[in-house]
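Quick one: structure below, then a few questions.
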Amino acid sequence: MRYLPKSDAERQHMLQTMGLEAADQLFSHLPAAIRLKRSLNLPAALSEPALLEFFKSCAAENATGWVSFLGAGMYHHFIPVVVDHLISRTEFYSAYTPYQPEVSQGTLQAIFEFQSLMCQLTGMDVANASMYDGATAMTESALMAQRITGRNDFLVAETVHPEYRQVLLTYTKHLNTKVRTLAFAENGQVDLDDLKKKLSDKIAAVIVQSPNFFGNVEPLNELAQLAHEKGALLIVTVAESLSLGLLRPPGQTTEEGQPVADIVAGEGQSLGIPISYGGPVLGFIATRDKYVRQMPGRLVGQTVDTGGRRGYVLTLATREQHIRREKATSNICTNQALCALMCTIYLSLLGKQGLREVAIQNVSKAHYAIGRFKTVETVEVLFESPRFNEFVIRPKDRRKFSDRKLWKHQLVGGFSLKRFYPRLKNAELMCVTEKTPKASIDALVDLYQNG
Amino acid sequence: MTPPLMSNEKIRKATTHVSQNEGVIFEKSMPGKRGVALPPCEVPEVAPDAVFDPGSLRKAIEDFPEVSEVDVVRHFTRLSTWNYAIDLGMYPLGSCTMKYNPKINEYVARYEGFAQSHPYLPEELCQGNLKIQYMLEECLKEVTGMDAVSLQPAAGAQGELTGILMIRAYLHSQGNARKKILIPDSAHGTNPSSAAIAGYQVENIKSGERGCVDIAALRNAVTEDVAALMLTNPNTLGVYESDLLAIVDILHSKGGLVYMDGANMNALLGVTRPGDSGVDVMHLNLHKTFSTPHGGGGPGAGPVAAKSHLEPFLPYPLIIKEGDGKYSYDFKRPQSVGRVRSFYGNFGMLVRALAYILTNGPDGLKKTSEDAVLNANYIRSQLKGIYDLPFDQPSLHEVVFSDKLQNKYGVTTMDIAKRLMDYGFHPPTVYFPLIVHGALMIEPTESESLGELDLFIQAMKSIAEECASDPDLVKKAPHNTRVGRLDEVMAARNPVLRWKPKKP
Amino acid sequence: MTPPLMSNEKIRKATTHVSQNEGVIFEKSMPGKRGVALPPCEVPEVAPDAVFDPGSLRKAIEDFPEVSEVDVVRHFTRLSTWNYAIDLGMYPLGSCTMKYNPKINEYVARYEGFAQSHPYLPEELCQGNLKIQYMLEECLKEVTGMDAVSLQPAAGAQGELTGILMIRAYLHSQGNARKKILIPDSAHGTNPSSAAIAGYQVENIKSGERGCVDIAALRNAVTEDVAALMLTNPNTLGVYESDLLAIVDILHSKGGLVYMDGANMNALLGVTRPGDSGVDVMHLNLHKTFSTPHGGGGPGAGPVAAKSHLEPFLPYPLIIKEGDGKYSYDFKRPQSVGRVRSFYGNFGMLVRALAYILTNGPDGLKKTSEDAVLNANYIRSQLKGIYDLPFDQPSLHEVVFSDKLQNKYGVTTMDIAKRLMDYGFHPPTVYFPLIVHGALMIEPTESESLGELDLFIQAMKSIAEECASDPDLVKKAPHNTRVGRLDEVMAARNPVLRWKPKKP
Amino acid sequence: MRYLPKSDAERQHMLQTMGLEAADQLFSHLPAAIRLKRSLNLPAALSEPALLEFFKSCAAENATGWVSFLGAGMYHHFIPVVVDHLISRTEFYSAYTPYQPEVSQGTLQAIFEFQSLMCQLTGMDVANASMYDGATAMTESALMAQRITGRNDFLVAETVHPEYRQVLLTYTKHLNTKVRTLAFAENGQVDLDDLKKKLSDKIAAVIVQSPNFFGNVEPLNELAQLAHEKGALLIVTVAESLSLGLLRPPGQTTEEGQPVADIVAGEGQSLGIPISYGGPVLGFIATRDKYVRQMPGRLVGQTVDTGGRRGYVLTLATREQHIRREKATSNICTNQALCALMCTIYLSLLGKQGLREVAIQNVSKAHYAIGRFKTVETVEVLFESPRFNEFVIRPKDRRKFSDRKLWKHQLVGGFSLKRFYPRLKNAELMCVTEKTPKASIDALVDLYQNG
């Protein structure tokens, strides 16, 4: 009961002021029939040392300190300790949504900075205060596209993260919405012919991911042109947002001034957020000014106080559920604010140069690994188009050695694609980041080489 | 401008103190500064244009921050000091359950074995994570009296959507997904919004005179078109829907279901279990009842708990414990509504919530609810008469007053809220629930000591006096915060949603 | 009372904001509250009076706090917000080197392998700790140009005592420990005090006109009775003792030694090494130059570095690296002055200091000193003329002004210091060194950005104007802090040094 | 250079305002002869990941997660995480000594509370703001006794922590001070006959430790009577300060109203401070009001501000070096403030009941271990007088098994007394706290039993 700051005498005193004798009387108006007549059947209370022990033992049942080549939507990147130090300030993590701006300027200004940074990264005019994750960000931007275009259907590249596509289906399958997939070409990119074939004036948006699920960068300009020709929006989702430090922002127009992405929606976990088994992470949506009133989620805006001093408030709330209820742009309320703060701190620390450098290290190490795998006769490297930090390999005979063999070296191999792409049985999606030691890359390649 | 008021006889909880100013991070930027040193690359550096088409590369990001580590630390430390926080004092936001966030939970959630574990680790290599989820599901089942739980939803609103989609899928499997969801007008905005996203028409039902569901009206509204009722219980007035059994009956008798918004479960732990009353599906807010921090707006976690007839429709994957004690995921769920977010939900929050449950144990949880209800009732009993209590039903964990008695001085709920800041408190929730005009919704939670409650009561009383004696003082509040009342209208009229460099 | 000033044109760096009040912890106590749950004992509980004579047992501790975890967290969180801190802004305390405390150092020092290691672990089981100490010694030797280091002293003052005891032991081994230690009148109070504890008479030497050691006076003072000169370099005016080589010569020629107070080494890293100038023994303040946090007054660490002729006299144990790369302690040091504290010094601070050195590397350390000196000189150049600069020697890492120009308005250094608080700054060191009447000793350190320095300069200029235009405003400062100027005289006259319950 | 918040352009600008061109000119007044003409020969700068790696590897070279039976002045106790959480607030750990009270009330009030708590624990009127450690606290209280009594010599029990005695010698051997040791009796306590023999009117203080180095509680009343009869002070040092939660405070008078300890000086590490290889820890000194002006170290006192509001300041500074210089009561300046804060938080959390309960758990577990050892034929348990959480055993044939054998079970045995007590060759000082698992006690005893 160490979280309860009251003595029994105080409880008694409080009850007495209300003419009551026992706490139970506070519940006496509840129908007797539904009162629980026994104690909850839960484990008995643990002391702090026992609790630590329990969770330590759980954590130890996970592979800890191993080097993994898993990416596929969640990325191992180095995070400066300053990030955790700062978000551990109780003023940040224990605060509520900043509904009362005069005592929440810290959170508000930080979100304003986050929005600004996401605009810079994506090349867009406006970004919201966060979404649950990349999958829901993409899904809600699809719903947004429906509202903008008044159309109903989607074309989604098969190279979009399969779990993102699953969520899109969950959110739309009960509506009158058709979601068709776009095949990928041999080089791993969206098959443009398939797109041309399937595009129609029913399509609200073409949805692609870049770098895509196989690690390949999509030809966004071409995709945009095709989509826009048919009046569809182009939604670009980004799962490995660190790539935005190096690649042309999807929100930026082409050299010729043509719009590319209309909405960029993605996952910001790579930008300073621990992988934490996939959550909490950081969905984001950025778009152009003209679409802001169709955006889901919170927005912070700049204003002034009675004395003319700059300050920040939650704004454009008429889009949101607490004002618009069933007509809101989304049902989202609680978002991932603290993760947005981590991202803001991370990006501030990395800065203009650092972000670019980390991105280049990812490219360099991944390409070192690709190069190494290409020397292994029994391994095929698939999908030859530009890549960021992921690539697909197919061992000619994967039975040669088991995963367990890697595990013995405290290595975890890539993501097995057959789960989502039965056609790609035996293929593995490998991820190499700035954090992957060269020695581990070498060891892995050697294991594939020598079994 | 009224001169700022220092701590005085009236204002006991707080005074004023110097507070650092700070611009936005971009204004601290200076070309060439850095906040991080990378390790050397180990492998030959690849030139970007050797890999990518130059057209697909970006130039240096214009106006992106360039600052040192010291700048960053100062910047965010200063910002943090502008926030109110639970550890600074009572945070009586009704419906938000701003309780103490135990430090031990923050500690264990950061264990490397959790924080660095990848969601696609082979099951054998993440048994600890599976076990935690399994245990938490078991605990939540017991607390709610439900049969199955999915931890996937990222927040309360997503829990609602998931639950309603499950209802749809269930009814669909029975032959007819139906058209409407009934929602009391006192409900949180996420309820109608979630129902709408799930493809249902929303039909509002007016609350009865006592602020609760009007049984007669409900009976009229429930037709074969109605898929479900979404009911918040205790409702947003902090009142227990005593007719719950009858309500459930009415719905069930017409083949409809009952969804319960469990955001207010902090009133009921160990007291009553929605499942035992016949609720079909519900969500919980781990960031309310189970103490995970709000983080300035998130992340949260909104697990869904369902009766067995709805279990087949839960999001996949489910976690199963095998005979040999090993845990695994079950993806083969043909009737599932599908996935509502990637991976397994906000896992870090699940760790914290389990830590909270294990620390409290069954007795601790029950005492938690008792104290939460005790605190709310104590405030109610002390402020009743001074502030208008629009509904006189017994309160559980929160109490809703209105500004009716203060209106005659031209003072509104918003003014009272802002004035509370000068008294060192975070304001209560304002203007919600919508059925109370000028609502002041106060939820102290169990985390408040008698001393803090008394300070709050004294502050509210003192403000009530000020409303009569010096209404302008209240209407122009806050006076003691680093910024005065902010112009929300201007923000919305002329939205400035990102920083841009001043044009030279 | 002057009304508190809000942020305005003059006061740019800060404004005021609500700040929580909080009594002492005893005032929150309530019988029966608890902040901790112990695990069950596992073994049969022994009744105390079965083991101890009842007379040797205590009763329950009267008035000892009984509070919950929430109370404790709120209490200390609130208290913390009343402090100024480096991460809030410039902390220009001269002689204190209030630089940024890197967060990574805090992180590594908390590794369980360090934090839980027992000092009596067999050497084989704590090789990591030995290695860290060994590496730090090597680094400090290189930075100072000395031959041997002991990390044992717990702070600067203890480093001084250790060094002087070593001088005594050395001279004693030469046949005569001598009687006196010479100390310039500009020295820090710990110098004479340490010398006295080491059993020496202290002879003050008056600084020369330029604030440095007067060579002629020194030559006169150095006799065969003089054991050593204790010299701070750069001295407490922030001025390099350019005659150091001559000074060393004078001492050595009479068989005396030179002790250097290295508290100001932040000016000299990679620039010059005391050992190369002939200094015999010195200490370093790791909590100044090497960034370990001050902790509100400590802990620090004050390693002693010595030339080889003094090495035999260092405190035991010493750390040695064996041929096989293993580290061990050498306790067999017959000439050692002995142990100055238990175990191996403030080990946790040593970890942090090594982390700082390894993060900076040789170039980073040099740049650190350059920036520290640059910052001090920039302030000096901007404030010279506005504040009196009593000594015009070139400054290194700090600059000492006086209140002479402000005295004519009846304003003193203390007033200026207090007024700086209203401007959002921590005041500089005041009234030290003693050789400057009304000294304002400003050490910005390298951690300050140009923006922060400019704000400080602007604040100092603005205060200088206020001294002329509205001296009372300055004399009654601070106005914007949660308490006004505190009565130090009353505190000393009628000491209340502990809480006691109010008599009923 | 990430700690340096300046760009080169800014540096250049600053130099220019002073008419300089290069930073090196700032040092041009230093004699060329003493300028270092090369780079420092130090390891090249490490990135944050490399630094973490380095220290992680060092930490891993220490026995981590083992169960140790070492005590002897540093004690393994459980510390609630709240302590570290709170001291990690930058406002606490990065603040300086609170010389400017108006912006340092947090530190000042916390120290005031610390002083108050130490008074309650020791039964004294006044306690200072901390000393470096137990050894220097005891030593400085000896010097204090010299000032109070005008006498010079000390009698120190051989059962006082040997390192404390070593420090006392370091601080006094160059003075005209005689430090004689008092033998211990067969029951481990001070030999009262030896004391009677050696007491004289030259003795400034009799210094004992309780519980003493062997874990035995000393007969303080008798010791006090004897010392006081001869006009000497009694200094009681406490190394295991948790014992103060259960044992009669040395500062309290006897039932008959006779004074016992005149100064209590000890080590507070047990009260919430990580063992951290022996430092930083927490020295404390408490005494009676009448001796306050002879106390070393800082003191915080209560006062009021201009508006009559309660506040705290450093006070009675005329005792201290910065005012009194060579005549100060001590040279101490920087102390162990943050450790005092840890102790204050720890004691607040444990509270009246918790502290007593932890103390009883220590006694219970230690006596369980003693009981177990007594059943082992080949082990002798020495010194039969009341003990807190330490005791001495002597295996009849310690060669039967090596330390390494314990290490294999991740156990570290007791402290071998021969290092300081050649007479007690083969004897080991064992410490058992609330943190020592029963299973480890059993395992240890079994190893002694079965070799």
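Should a chain be cited, it is by its letter among A, B, C and D, assigned in written order, with residues numbered from 1 in that chain.
The working rule: a contact is a pair of C-beta atoms (placed from the backbone, for glycine too) under 8 Å apart; a residue touches a chain by one contact, two chains touch by 3 or more.
Quick caveat: nothing in here was measured; it's all calculated off a predicted structure.
> Farthest chain from chain A, comparing Cα centres?
D
> Once you count every C-beta pair in contact for both, which comes out on top, A-B or A-C?
Comparing A-B with A-C, the pair joined by more C-beta contacts is A-B.
> I'd like the Å distance between the centres of chain C and chain D, where a centre is the mean of that chain's Cα atoms.
Measuring from centre to centre gives 20 Å for this pair.
> Can you check how far apart chain A and chain C are, centre to centre, with Cα atoms defining each centre and the answer in Å?
Chain centroid spacing, chain A to chain C, equals 46 Å.
> For chain A and chain D, what's the span in angstrom between their mean Cα positions?
Inter-chain centre distance comes to 49 Å.
> If you look at chain B, which of its residues touch at least two other chains?
Residue numbers touching two or more other chains: 7, 18, 30, 33-36, 38-39, 66-71, 73, 77, 81-82, 85, 87-88, 100, 102-104, 106-107, 359, 421, 447, 449-450, 478, 481-482.
> Find every residue in chain D that makes contact with two or more other chains and list them.
Expected reply: 1, 3-6, 10, 45, 48-49, 80-82, 85, 88-90, 103, 309.
> State the interface residues of chain D toward chain A in the complex, per the touch definition above.
That would be residues 48-49, 78, 80-81, 85, 88-89, 435 of chain D.
> Applying the document's contact rule, which stretches of chain B touch chain C when the two form their complex?
So the residues of chain B touching chain C come out as 3-4, 6-7, 12-21, 28, 30, 68-71, 73-74, 77-78, 81-82, 85, 87-89, 100, 102-103, 359, 421-422, 424, 447, 449-451, 478, 480-482.
> Across the complex, what residues on chain C touch chain A?
Per the stated touch rule, the residues are 7, 18, 30-40, 66-71, 77, 103-104, 106-107.
> Report the residues of chain D in contact with chain B in the complex, numbered from low to high.
Of all residues in chain D, those touching chain B are 1-10, 45, 47-50, 80-82, 85, 90, 103, 309.
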